[in-house]
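Labels for the chains are A, B, C, D, E and F, by order of writing; each one numbers its residues from 1.
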Amino acid sequence: MTIAIINPNSSHTMTQQMQSSCVNLILHNETQWYECSNSPASIEGHSDGAQAAYHLLEKIRELESSEVPPKAYVIACFDDTGLDAAREITASPVIGIGEAAMHAASFVSQRFVVMTTLERSVSILERNLSHYGLANRSGGVYASGLPVLSLESDQQSYDIVKRAASKVLNEYKGDALVLGCGGMSHWVERLQSGIGVPVLDGVRIAVAFADSFISLKLSTSKVAGYAWPEIKANQN
Amino acid sequence: MTIAIINPNSSHTMTQQMQSSCVNLILHNETQWYECSNSPASIEGHSDGAQAAYHLLEKIRELESSEVPPKAYVIACFDDTGLDAAREITASPVIGIGEAAMHAASFVSQRFVVMTTLERSVSILERNLSHYGLANRSGGVYASGLPVLSLESDQQSYDIVKRAASKVLNEYKGDALVLGCGGMSHWVERLQSGIGVPVLDGVRIAVAFADSFISLKLSTSKVAGYAWPEIKANQN
Amino acid sequence: MTIAIINPNSSHTMTQQMQSSCVNLILHNETQWYECSNSPASIEGHSDGAQAAYHLLEKIRELESSEVPPKAYVIACFDDTGLDAAREITASPVIGIGEAAMHAASFVSQRFVVMTTLERSVSILERNLSHYGLANRSGGVYASGLPVLSLESDQQSYDIVKRAASKVLNEYKGDALVLGCGGMSHWVERLQSGIGVPVLDGVRIAVAFADSFISLKLSTSKVAGYAWPEIKANQN
Amino acid sequence: MTIAIINPNSSHTMTQQMQSSCVNLILHNETQWYECSNSPASIEGHSDGAQAAYHLLEKIRELESSEVPPKAYVIACFDDTGLDAAREITASPVIGIGEAAMHAASFVSQRFVVMTTLERSVSILERNLSHYGLANRSGGVYASGLPVLSLESDQQSYDIVKRAASKVLNEYKGDALVLGCGGMSHWVERLQSGIGVPVLDGVRIAVAFADSFISLKLSTSKVAGYAWPEIKANQN
Amino acid sequence: MTIAIINPNSSHTMTQQMQSSCVNLILHNETQWYECSNSPASIEGHSDGAQAAYHLLEKIRELESSEVPPKAYVIACFDDTGLDAAREITASPVIGIGEAAMHAASFVSQRFVVMTTLERSVSILERNLSHYGLANRSGGVYASGLPVLSLESDQQSYDIVKRAASKVLNEYKGDALVLGCGGMSHWVERLQSGIGVPVLDGVRIAVAFADSFISLKLSTSKVAGYAWPEIKANQN
Amino acid sequence: MTIAIINPNSSHTMTQQMQSSCVNLILHNETQWYECSNSPASIEGHSDGAQAAYHLLEKIRELESSEVPPKAYVIACFDDTGLDAAREITASPVIGIGEAAMHAASFVSQRFVVMTTLERSVSILERNLSHYGLANRSGGVYASGLPVLSLESDQQSYDIVKRAASKVLNEYKGDALVLGCGGMSHWVERLQSGIGVPVLDGVRIAVAFADSFISLKLSTSKVAGYAWPEIKANQN
């Protein structure tokens, strides 16, 4: 049985990086990793997200109609791009890396802070946080100013993120750090030992949760909000 | 100067119906009406919405690159499909018919109720209501059970909606009715005189607001959340 | 048909200033401007507001009993003085300049900030913001420290307001500025070009909305919360 | 030292009734009871409230300028008419009977319900409940349909209120009853033994709290929101 | 490495039942099951909970000082008895079955309902729901009226719970059912096939999450709210 | 008739200090003061609280079974340790010093701030504040960094608290100060005159409220959430 992990953007490098961050995770199921080749190279803002959601859904439909469809899906963008739409078109559980990280943070801390990339993503994540219900468990969402695609690289980027994270943890009295972009998943352990609070990366957590959901035989409700899409009569 | 009103679904009949409901509205600007021919015939649920958002954005980009771009946009689906993404790709104001109706209702009532089509849309609209901040001004969102494309028609459909509306107004102590689908816009006056409370139709309200926003020279903020999309470096 | 715009305080200078800020607004209806000669000269705090509400209601009752009552009312104080009481004593729509500006801001920005005059008004406006439901769409309400009646004047006052506005926009990550007092309406364009985010003035917005509401034939619900006042039996 | 209890409406009968309900209350301070002879005979809705607030403030100003001003004030209308304005014009504590009853209820129950008179008062009380913060401690506000001035009388009125109270306690799982009008204060004990849950009457509770606040030397903050009114320069 | 699952009440039968419901769960770590022999036989209400929390903490301290302390803890009462206190006295993750079930439900449904035992537990669970942030993801908490210790038994009890669950799912438009007591864990599959929506049992979910948290090396933050207890100076 | 005031920790010195701060309070009932000799010497965090709650309940049960049980209880720890559990095991009103102070603050201010001891208590008090509903009436909870047992002493401690209080009042625009620990009750008047805003001490307020509740014959609801504990069948 497999977990399909879909990066909704088109960056293969980022997919690989996230995959390698999961390499030591012990799982009961196999993982398969995808990106969406027609999507923007990164998802920064609402319109990138709308583009990517479209292609993500195409990919899920394709996998659903394959001979052996995945038993669970992970959407590997911290914005949880297309999450609710995805839950309509499959009965397998679908887990966003953003929601996974933020929910998990509420099990090990009282007031986590989220460090994302650009200022423009802050309102998107705040809205998710609020929709998931975790706004009152959080000390807020903050941007390092570093764009997604710069995260794949070097020492300098790491330093900027670490400094920004320490600052907001201190200022907003955070006791855990959630990494607000899949592109930071390779920094988890380094940041954790550098900063001294739990550091949560949604990629690994979502994959582990997907693995658990398969064991638990949890599937998405097909009543009301996540019911299968309506069949339309042909019409103009 | 023109207001572009875009129906995010592909139903030309519905576009025409909405257009004819606005025929008596006195405006300072011209209106142009569009649908999205590659979208689903109606938007019922998250995945229809994700499809339609993609095509809506295409249409807006096309209009923005035209010689004389519209001075304002109306998104003519009560789900406010793709609203935030649309606001990123133009500086002209963009108004959703759902938000227009719900905000306007809060100016003339203390506890409006929303009557939509299918149960599956309830959670989408509740989330919008909550994001717009109007949840505490509302007596809730309810479904008549009648699918979107049935709304274009006959006496029987009208009766079902009227009965459902009266029931929830009474049960949840509503003092105004918001029509939760663009496809009901032709029933406003009939329902209002039949039910005895203000009945609000987002299509006409959003068009009137767009007209006002042009007079008021209000444009969308290009700082932070609605900033122009990022230019991506080519990358894989 | 006319829109009656009532300044609930007694400052004729302020009425004139607000009127002149609307001079270029293209409307379908005529406007008539009033102040309340027995009210305090400005409304700063709850007790000024209670005084002014009393006189505002007198004025509305007088206009309602005139031969051709107004088709819509605007209450031209940012506190929205007496707004709910006014909605009981007329069926015409009544729009407060505070609510108009704050609702409109939520259509063009993700996180507007409100700049008012004195610290004592902050809690009044925060409560309105919260009652209108827009608290989560806002970066907060702040005071420049400049009293209402100083706003009518000179360069120095403008500079204080501009500096205060820039500071809070930056500090609380605002992407639009709402002017929290009718007395600042003459500064809209100047501030907007000076600060670089949309600047919203409730006076012009409320007048434009009132104009639209007349076209849309929207009237105040006369069920429950805004029902006509009860007739009392004579009694002691 | 005295507690001034001001009925903001003009009904002397109601003042007397409230006074007699307090006759067995053991207090450290004297009480003086007033009504506002120019106010409406009862306060039912926002415009009655705006009228009454004006006259209430007149009464408080008169008492404040007396030789020995009261040490505390009680506003004896469940709407807490003019409460915030009153707190501006005196440094003595001012307690509304509505807030007193609802706060006290949260000390002895998990989910109190409020039973008021007319449907039109429900939204006013819900807003107060929400402003005081107690909305999540409450099972809601309900109307018996009986107007204020009918409460002074007979068995039949009592029966209507008792039946309505029992119904909502059962339906909304309430574990205490708050009487939502000063005019019901004479029914406390009778209702309590009839219904089997704590019954809270704001009049007696507010008077007892005022008595305590005097002992505790608690006075109203004169910083920010409740600061003394501004002195206005003469102006037009 | 082991997961310690502690039933905070003293019922060994219930511990066994929960253990047997986990027998098919594939885990990477061993489980050890405990109850608290000095606790009440079931936890129904706040005072039972306070008793049980005391003994639960004793048990955790004992296990922490053992040679090989557990790598994760599960608190096997749906009230999440003593959860925050437990997180202070160990750095290993501690997961309550209530929070586990409710968080998981928000990944597979839009509006789960919780079915607990007695009415008295409803307010406790509502408060947890609200503290976890999931109140707006839920259609509410309801009681079947069946006490905890009756859950261990027969067909009749099952029927009562099933009927009660179906009723509230329908009435409050739920799309998933959370079993609000560890004592119902043996009914998951039977209920799920009987009712047609996902049925979530906190015991199995919490154990699976604990297993994942160990793999993910997630530990409890030791900063601020969950810091190690203070050492007290001897004092009187 | 007596009010039993129970300090849930074991510090007799602190009990004496709180008692002496009430010495000038004029009451209708006698007071009896207790501490819990098996509890921690101070309550700093969740696990101290769980310990103390257990012993507090023992003390209340003991007093309830005495010949003349108290007519009201005060729990003299600002965390309101064991408050809900206590309300189950007596019908007499039970008042926490934290809730008393915070509710009272909302009668005399618009935005009180709470100054507690250690950072670890902040999240506990924020949760209480939020459960009581007063979060939106507050400018927040802050820690001076001074442990509970240092509060009993000298000038230096006083200075630290005063400085910390002034800072947060200014920074978060507070207009009243709530002392967030029973151990500061002897500083009320000194702080009040030093800082210039109302200073609220829960000990004196809770005792005065308990005195009032006895006069008002208010008792705890014995329906649903605070019903008498269930009798358990013997069972394993």
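The rule is simple: contacts are C-beta pairs under 8 Å (C-beta built on N, C-alpha and C of every residue); 3 or more make two chains touch, one makes a residue touch a chain.
Remember, it's a predicted structure, so these values are computed and weren't measured experimentally.
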Target chain D, source chain B, minimum contact steps: 1
Those chains which touch chain F and also touch chain A: C, E
Most remote chain, CA-based centroid, reference being chain D: A
Chain pair equivalent in interface to D-F, over half of contacts matched, among A-E, A-F or B-D: A-E
Between chain A and chain C, centroid-to-centroid distance (C-alpha), Å: 43
Chain C and chain D: spacing of chain centres that average the CA atoms, whole Å: 30
Junction residues of chain B, two or more chains touched: 87, 110-111, 119, 122-123, 136, 173, 224-225
Inter-chain touch pairs (all): A-B, A-C, A-E, A-F, B-C, B-D, B-E, C-D, C-F, D-E, D-F, E-F
Residue ranges of chain E in contact with chain F within the complex: 10-13, 40-42, 44-51, 53-54, 57, 82, 84-89, 118-120, 122-124, 127, 131, 147, 149, 224-225, 227, 229-230, 232-236
Residues on chain B engaged by chain E in the complex (per definition of touch): 119, 122-123, 130
Residue numbers on chain C that touch chain A, as the complex places them: 110-111, 136, 173
Contact set on chain E toward chain A in their complex: 25-26, 28, 87, 93, 95, 99, 103-104, 106-111, 132-137, 173, 175-176, 196-198, 200, 204-205, 208-209, 211-213, 215-216, 218-221, 223-226
